[in-house]
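So, here's a batch of structures to check.
Presented sequentially are two complexes of chain A, the first with chain B as partner and the second with chain C.
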Partner chain A sequence: MTETALREGGEEPAVGARWQRAAARGKVRGTTKYVADLPVPPCAQVAVYRSTRPHARILAVDVTQAAALPGVQAVVTGQDLFALLGERLLTGPAFADQPALAYDRVRYVGEPVAAVLARDLATARAAVDLIAVEYEDLEPVYDVETALKGEFFVHDVLRPSSVFGDLSHLRGKRDTNVCYEYNLRTGDVDAVPTDGVTTVSGEFWSPPVAHVPIELPCTTAWVEDDRLEILTTTQTPSYVRQAVADLLDLPLNKVRVRTSVLGGSFGSKMYDRLEPLAAALAWSQQTAVRLVATREEAFLLTTRHGAGVTSSMSADADGNIVAATADVAYDTGAFADVGPRITAKSGMVAAGPYRVENAWIRSRCIYTNKPSAGPFRGFGVPQVTWSHESLVDELARELGEDPAEFRRRHLLREGDEAPMGTVMHSADFVGCLDAVTDEIGWTTPYEKGEGRWRRGRGVAVGMKAVLTPTIANAVIQLNQDGSATLMISTVDMGQGSDTIMPQIVAEVLHLDEGSVRVVAADTDTTPYDTITAGSRSTYHTGNAVRAAAEKMRDKLVDLAAQRLGVAASDCKVTSGGVMSTTAQETVSISDLMHGHFGARGTTLTAEANFTTSWQPYDHETGRSRQVTEHWFAGAVAVEILVDTMTGRVKVEQLAVAGDVGRAINPTLVEQQLTGAAIMGIGHALFDELVFDQGQIVNGTLLDYQLPSVRDVPAKLTAHVIESAHRTGPFGAKGVGETGILAIAPAIANAVRDAVGVRITRLPLSPERVLEAMTEAGVS
Partner chain B sequence: MPVLHQPRDLDEACTLLAELDDPMVYGGGTAIQILLKQGLLFAENLVDLSFVPGLTAIEATATGIRVGAMTPLRRMETDAQVAGVVPLAAATYGHVANPRVRNTASVGGNIAHGDYRLDPPTALLALDAQVELRSAHGQRRVPVRDFFVDFQLTAVEHGELITAIEIPAQPAGSASSYVKLSSLGENDWPSASAAALLVTEAGRRTLRLGIGALAPIPQFVSVDVSGHDLETTVEAAKAAADPLIDPIPDVRGSVTYKRRLGLVAVEDAVRRAWKDQDDD
Partner chain C sequence: MRMLNLTVNGRVHDVPVDDNELLLDVLRTKVGCTSVREGCGVGACGACTVLVDGRSVSSCLALAVRHDGAEIVTADGLPGDDAVVEAFVECGAMQCGYCIPGFVLMTHELLAENPQPDAEQIAAHLEGNICRCGTYPEICAAVTSAAARGARL
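== the complex of A and B ==
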């Protein structure tokens, strides 16, 4: 249901229009100013000494030689900062477990231990090479299996940081590597009769992967009078302000965090990255400092959680899915970061988007001595989708049913209760599945082939909850000339928020394309917003923007009613201004405001808040009647070829669909689905951070693989499904992650179809495919 | 930061290389820049050849072509003369990295880089190219088949630079093909590669194979396939290649996998060359 009908007077609606992406021209021409391009005061350049040990006590840090190097302004160690800040040095969105610089113990190879401030980067780096650290090695915990044995601990004590509403239930812990555990008990999986029941099970693994946005993280911090200014590449300016204020014990109005459009991020520039260190250095030294991560350092800053899922799915004799179990282990590395949130919110959908009466899920977030894992497009859901979409496919095959048809029969529909107890709304899984299977001609016969190349088709469905509860705010300033300025703390990192938020304002106020400008996030002027992540902005910030625009509309109507001497109910905003039917007159915004204020250049302001609420998980069962504000639903279908001589998988065609409620800008929605699909192809076929004894082996772009244009399928189509959300702005929801959820299992299912092997470990590298074929005796 | 020198002629370049501390020739810089950025390069002086005249010429010689060391790889791929005289070389150069790298990287820098996975050496080996080197002491020529000495080590000596590569023309009636197999991204470095050149001369049929990425240095082998049909040629090629394969395991594959991939590359290259000959 799309209303693309023209509005009164032949005016084209702003919502649903394919407005050109804001700043597209500047990005193509290279004139857009990213964070690193913006002017800052003269700065000390900072280089960081990083731990060479996965797990060790720091016995001594000798900085004498480094400090003596000409050009070095200061060398700061973790001990120095700890002496100054005490335990406030530890920050983090869930647990306060990340020190800006390690002071007593290092927990991964690459952890910052000391920082050199110098007049230039070369000097700073040279000085870093002169730092000598004496360690006493501790027993390293490289993987979740070892971590779960509980013999050695990555952290002795855990203290919740109490920043976010959805994590307010975290409790302090000690002597465990499991920082969070979520359990779902729906029905009773053990009571399911085994007669005539078919069960499939597997051990699934998704490796850690890196985000690799083109723009590298960059943070500059300086002291201005008695306050701290931070200009940084972040998706979470409001969080950074709070974290830094806590770190330095400053009132919020003495910390200013600014950002600019980001050159990609995918979750890598969130929460505590370079900011706590930059802030601590600038404040303790009372100077300006600049930190820019090198490409190699960026690999150490955060990763996607490697995750193991041991799971099963059962169907009765009639083919009903009667039980699903999943034991999920997220490897969060040295710090919890946002792992606990991922563990609950993503673990909870591990049974899949199906009607399942009995479900058992245990989802754990586990520390190891590796670089910290954090948010990554999909927030942990692709890892569990890898499990449930492989299982359901195998189950269908076991039962001799068509994998798409089998899913279609069991997919959750509007009004159904999902396994964790929340009722579904605006999540058209079936519509998504239909769109992608139609596109690739699922029901038309095809030759698998008998020669070297074998053809196969696969399908998969993805389900994700939006982060709840969260908070968004918007302030609109309408200018006397009829243009508008929008103040939100949503950060445009390529997803297009600077384009669609203006479309929402323009829709309500009947403004033209280009007349609304978004102010770059600046905590001095733009209001609090939980995070720009988890595909939440279109719905949440969009709702705040819409509400603010409606308040502005009411103000204009009141002004017009006053001026024309008519009832407010007689006035309405149109593209020409405010129109009164009785007075048969339309007053333009600029006349209206000029008349009201008696001056040109005046402004009118309106603001609104949008906050969501939830019902926390039941302590015993993990269930909740309102676990999320809304759902993301997506589906993927592919046709692939497998080279039986090399094991290489070639994706020939890919169709991806997402239910976005309502597309505010269909072009941007298609681009999000497409971009996510391409990123997902990388995760399916070759993206992988390889570790050896806790150390990243391929942490450079010489060895780390990302999809290039040559990995993109010859045919790649994005399908926009619109099942309007009753409280979405114009029915809309987000889409940034929807397209990535089901890519890997769709491709694996197609490999299964083509050559008959079920592979449960990602990525599906040629070697792994060939090995599986050899093992299964397929040639 | 190393110092950049920009000599205006070959003699000046050679003098700089002879006299500077830790000098390094700077060609297109595509490899050097990465090494610099990663802190893996400790050269104090870079001698940039961009302003030395005459190093970007592609000239016909009595036996084939002579390519100046600073010729961009992209030109090797697109130049009509190269495609006409040594089609195998043109095809192989077209497989290097991506157009951006090919536009910047130089023919001399490419082989001097010495990476065992480089594409062009496979073709140059099959074609029996000669490398022209020059230093303050004079000039010498090294067959490309002797050029790759050990892992990341070439015949270029201290104070020397490459001035050109001479490639003999592909014999009339020959057929060739280059196959590059990557194991991760499609556009990645090869995990196995093979250049096959089928030559018929004086009634004898020879298969010349250059193979890359499968041992610490690129490998060459020549097989007499007179009287063979396609299938026996494939078998002979694989049998000849097999002992030369000594893969280095890494994130792109194990020894076993790369060995297997290597034989596929050889087979594919031979089959395509065979087809190339049938099409002519």
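== the complex of A and C ==
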């Protein structure tokens, strides 16, 4: 880690400093207000009737009894909304395939069909129990194997939405459950000579898992004159505003979307969750409505894609990786959500962060009759990392090489072209790998043990592209007293944007810790921002914030030059204000602004936009010279114990590294890395949504296991690698997902090391480990 | 409906409640303690933790009427210079922050019973609380730091 040098005058720089997290005390005492804690008008409480069938035509919905229950204000069915809104009722980021309420057909157990508005939740729930729906069952598609047979279809026709222009060629496609396919063809895997070539292959599986941020989704919507106001737990306020405006056919300025800090999200609170339904109910009934998902309902709102990868990796006689193949299948459930993007973004890195000349990858997004899968920390990449990091490990072992050293030889380096055709910059895989292997003492010998507990070590590397193209905006309001207000639509969900964005402003304007406050996202006041997701905010919004701060700096310099009668080039902003060398004078911001405007409490504003572009990948080859704005690089090393009696895996030590370009706040970066690692341990060892006939069977927190304090390794360290990005704000990039990419394969590779078995299905539950050992004849 | 008498953070409240109302909802909507939060509704996450007569209770499982006359402490009612709060703030023991008030109260309960807990005792006491952000290392450090300060309610 680099320590930042003091600035001239002994001033502490803001960028690189370990500022305390914004609202730290409020979060600890619980006085910070989350969405559900904020005041709203008196509301009808809403309960939702959900489908009991995985796939069925809706023949009739009888709401008579429900509507007659005292205290019920209205019962609204999908048919009612369809009559009002037509096909606008169908929303979704990639495909317009999700109805706020099902109107003709249900596609998963738990899909909303009708909503009850009542004076209190108990009444609303009691009324839901009185709704009777008549179904005609259709053939269900429970898994991707059935889906790919193409006998029964979850949707009759593909309906790309208007959000992503590059999907429009799929419009109107029929008789398929594959809503998107990405192909990578680089070199020619079939032309690779087989002489002396070693090939390893496997069928890898990552199950669907649930996000489970502890804060439950909550949306309140109401009508104010001729406008719709929404207060909601979303990480995509700008998207929600557009989606709701489209749904209700309103101009954007008649929809206001507000949020607050979120109690975690990890990808679960984005795009279309409770908002379209809340908006449709509030608008159609011209009343205020409040929807709060129970934990059980939250399990139905979105999941992480279960994914199968059939893959191989080959090395020639000299130990060079000559070919990689991967056939990836993402189970996206009943709605595409952003699955098509996940499919492409993950497919393109499925060969791993290695120099591989020949690669064949097919990555498909497949509809089934299950709850919809969407973005989850890592955006589909952990599922392909599970494959390539298991394969490369096995390949090294086959060749008799050290798995870390083998990777080190083949890892992409600065300036190398990755298999999908984009040149690498600021992605220090080797630095990350070195940091974690050094930390756990990779090269020092250790005893595997012969008794009940066996020790093993494992390593893995992760690679992910940032979401591109995207748009960010920032507005800074500098107040006459020298404090500043920052307006961005980035949502702080625990990643720390409310802390680091002020650090960027403070760095440029030489302000103190605590003097810059971020306004909670509010589409009436905070400017458009694509999304707070995919670890994109530090770089993208950070760049907009930096540019806005620089414009503000220029304004201050101009004001000072005018006032002091010197050239602007003679003035610079310092911690005391604007200083002129010639005039030997420093004017404080407050004096400068007071002098200029002639009043106290005045404001000066500056704004900036930051937009990234890409070269869309070729539809045939999947290649692009610039498929992404920047890369995330990470590595993980672990030392574990396997209990050969029970199959239990205990992670003793875990080191996680991420290349963040430059850490704006090292403490928050470290927390993102260790926090992701702990979540990743869950994915590796026990996290799994279990389905039976399309129905979630463990969708409560009594049944769904999450990492607790007990699952934290005795030694857990985060390593911040900084290979500055040439266009990052102060060299910085994000880090939210980096830590999670390689956790599961690192642990599986350690299990392989400890007991000699290669497990290809997650999670590595005790039963699965024991079974693999029994099969392999390991005692 | 009946009247319930609760002393919350030292202030007496008389609130009308239904027989089936949860302590969680009464505290949030009728007393205004939004530091008490629902995360699971089944007693499995600890976000709704309150101290009732000094003992931790999952308010999502507790019927309000059972607690007539109880003395309740919630995290937002802790004194301004509370040693546990200070320790959590200084150790950076929060990410999204949603779960943290529950951990703070569990820490108070632990330190009241055992002023100098070791790592195993800390883990044993906190294992029922879930922090999805994975702030456990900082939380454990904060408990140790609070113990060193001699936290007292």
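Annotations for the structure displayed:
We take it that the second predicted complex is superposed on the first by the 767 of 779 C-alpha atoms of A that agree within 3 Å, B and C clash if a C-alpha of one lies under 4 Å from a C-alpha of the other, contacts with A are read in each partner's own complex, and residues count from 1 in each chain.
The rule is short, and it goes like this: a residue touches a chain if its C-beta (ideal position, glycine included) is under 8 Å from a C-beta of that chain, and two chains touch if they have at least 3 such contacts.
Just so it is clear, the structure is predicted and the values come from calculations on it, not from any experiment.
Counted by residues of chain A touched, the larger count belongs to C, out of chain B and chain C.
When both complexes are overlaid on chain A, the residue A:Gly30 reaches chain C alone and has no touch with chain B. Once the two complexes are laid over each other on the shared chain, residue contacts for A:Ser708 go to chain B and to chain C alike. In the overlay built on the shared chain, the residue A:Thr646 is in contact with chain B alone; chain C does not reach it.
In the superposed model, A:Pro766 makes contact with chain B only, not with chain C.
By the touch criterion defined above, A:Thr700 reaches both chain B and chain C.
Once chain A of one complex is fitted onto chain A of the other, the partner contacts of A:Gln20 are limited to chain C, with no touch recorded for chain B. Within the superposed three-chain model, A:Gly263 lies in touch with chain C and out of touch with chain B [touch as defined at top]. Comparing which residues of chain A touch chain B with which touch chain C, the overlap comprises 122, 294-295, 700, 702, 706-710. Contacts from chain C toward chain A in the complex involve residues 20, 33-45, 47, 74-76, 78, 85, 88-89, 92-101, 104, 122-123, 126-140. Listing the residues of chain A that touch chain B in their complex gives 122, 125, 294-296, 645-646, 648, 682, 685-686, 688, 690, 697-698, 700, 702-703, 705-711, 765-767, 770. Taken in their complex, chain B has these residues touching chain A: 1, 34, 37-39, 98, 181, 183-188, 250-251, 253-254, 257, 260-261, 264. For chain A in complex with chain C, the residues that touch the partner chain are 20-21, 23-34, 36-37, 122, 212-216, 261-264, 266, 294-295, 493-496, 667, 671, 674-679, 700-702, 706-710, 712, 716.
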